[in-house]
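In what comes next, chain A is part of two complexes: it sits with chain B in the first one and with chain C in the second one.
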Partner chain A sequence: MSEQSNKVERPLSPHLQVYRPQMTSVMSILHRATGYALSIGTIMVVWLLIAAASGPEAYAVFAKFAGSNIGLFLLLGWTVALFYHMCNGIRHFFWDMGYLFELKKAFRAGYVVLAMTVILTVWVWYCACPWS
Partner chain B sequence: MKLKWKDSRFDSQLGRAKGLGATGHGVDHWIHQRITAVANLPLMIWLVWSVVHHVAGASYEEFVAWQAQPLNAILMILSVVSVFYHAALGTQVIAEDYIHNEGLKFFKLIGIKLFFSATAIACVFSILKISFVG
Partner chain C sequence: MAQFALPNNSKIKKGDSYNVAKGDAKNKKMFKVYRWNPEKKDEDGKVKNPSIDEYTIDLDSCGPMVLDALIHIKNDVDSTLTFRRSCREGICGSCAMNIDGTNTLACLKPIDEVKGDVKITPLPHMPVVKDLVPDQNHAIAQYNSIEPWMKTDSPAPARERLQSAEDADQLNGHDGHGPAACILCFCCSTSCPSYWWNGDRFLGPATLMQAYRWISDTRDEATGERLDQVEDGFKLYRCHTIMNCTNTCPKGLNPAKSIAEIKKLLAVRK
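Moving on to the complex of A and B:
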């Protein structure tokens, strides 16, 4: 029944497409996107642990992929996603407690999140580099 | 994970009003998401620090020796449980928001639960195996 009524053409109220993207709204959807990306990234942890439990051969296959260009690119992406989701998650904690709701503060906290994401990602990859 | 077509004629109106809401779960989902988020914060700081100092570029012997230490095993198990539960809750909301076909949503929601339950158990078993057997 709901299938049928969905096909009736009804006028719809304007939705997302009528709004200019703003930093706050883009960061909001990015929180979701990074969360989803990270939930897929759990596969990497699962692979590592199962491979290490299975033995040296299985671990070597994982290590080869993790160290390949594709592997490093994915790990870089997941690092950015993790730090963004972590920092923006802290911003969400403040909102949950009733702070940072003023427009100015919401924007300022957003810029702090973006800056921290870049700083932490660069710092971690610098530390993880074998030649650092 | 209550579906729209689920017959709720056995619920009293009071029962429905008493806070189970549209999904039949009340605020449990929201609270669990926050609790795991709070737990994830120190755990992921530990994990990133560990990956940088012990896991990145580690040989098989090095990684197993590091992972077998009790503190590392405990923190890794806690990380897996907390993060995977948080991920299951988060992806559940995404599925509920964007999948409008009831049948597809049903399978997606079950799939999410099965996937994260299975992978979490696989990880915990692997961590214990490394700790106890090597």
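Moving on to the complex of A and C:
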């Protein structure tokens, strides 16, 4: 590079601003996001355990929150996050073993992950339906 | 921490508009092209921000590919438009750019694959030299760092070092889509979010695929040394198998697979 070109501060070309969201990158960032969500969700599990160990009054407070609309909404979110992260994690294991790298297979496995997330979430909420 | 927004000097402003398609043209198309010229300054002598210029052209007056349209614009509309191009048949890798939101070679991208206006920007997250020309010095220095040449200790045979057809398939691929078919256009590296945020230390898919090309070459005798060199939290392991690289490669190669093979070799070696 000549000296002259160093004088100019070059702009950075646009990246996130122009790159069309790809199934590959969107599923990857979702894996990370659901991972973070789940680690926050463990606070709720800790609350459950402490409440259950502390006696009926403490447990009643937990049960009331978990059964409220906000509690149910959060639990639904964590169910989705758990199954997405688990299924996509299995997809990652296959990648780590060197499989599913052909684009067609990578995409097909991605659709399977999305479908399984929905199926498993519906199944869990059907089994543990709070309204039945 | 990665910076997701563009720095102030890189924010894109609205630019000029050119319409050269005649009123009765049947096949009009608008091209929205990223422009930046280091010599264009405002009243205070500060270099102006990049802009998007709009060119409406008649597709009947140019060839079928995006590169044909760019050449038409440069020849007949605005000769200041700057971009790299050479072979116009997908083997030199010069005309790599972001077209309609993904990285590809302008010479291999048919205009009619793009619905609506054709948005063209330089390869993402790179310093811009001018218009669609990114500064690739850093990426090429990273490529040099893997020492992309045959390394041997054994004395040279009287003729060339031979390889079986099966061993050569490791490099070329059964279908010609192996790592050796890479033309180093850097479409993959600049499509990789991990390379965007950590490109200073992460080698990126293009360079890592070439690292694997030499690691898997049966004639090369520096395999262990090469593995040592990439075994690094940043150089190699910033790859999180996002697969934007394989998804965008204009040559249909599979950098993600090559990187996974390096990781496998390192895991087995332990």
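Here is the rule we go by: the second predicted complex is superposed on the first by the 117 of 132 C-alpha atoms of A that agree within 3 Å, B and C clash if a C-alpha of one lies under 4 Å from a C-alpha of the other, contacts with A are read in each partner's own complex, and residues count from 1 in each chain.
Rule of thumb we're sticking to: contacts are C-beta pairs under 8 Å (C-beta built on N, C-alpha and C of every residue); 3 or more make two chains touch, one makes a residue touch a chain.
The structure displayed is predicted, hence computed values, not measured ones.
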Please indicate which partner A:Phe94 is in contact with in the superposed arrangement: first for chain B, second for chain C, both, or neither.
-> neither
Which holds for A:Leu12: it touches chain B only (first), chain C only (second), both, or neither?
-> second
So, A:Phe65: does it touch chain B (first), chain C (second), both, or neither?
-> neither
Shared chain A surface residues [contacts with chain B and with chain C] | 92, 96
Hey, which residues of chain B end up touching chain A in the complex?
-> 4, 34, 37-38, 40-41, 44, 48, 51-53, 55-57, 60, 63-64, 67, 76, 80, 83-84, 87-88, 90-91, 94, 102, 116, 119, 122-123, 125-127, 129-130
For the chain A and chain C complex, residues of the former touching the latter | 1, 5, 8-20, 22-25, 28-29, 92, 95-98, 101-103, 106
Residue positions on chain A within touch of chain B in the complex are 2, 32, 35-36, 38-39, 42-43, 45-46, 48-50, 52-53, 55-56, 59-60, 63, 67, 79, 82, 86, 89-90, 92-93, 96, 124, 127-128, 130
Along chain C, where are the residues that touch chain A in the complex?
-> 4, 6-7, 9-10, 12, 34, 36, 38, 47, 49-50, 98, 100-102, 119, 121-129, 134-135, 137, 190-191, 193, 196, 240-244, 246-248, 254, 256-257, 260-261, 263-264
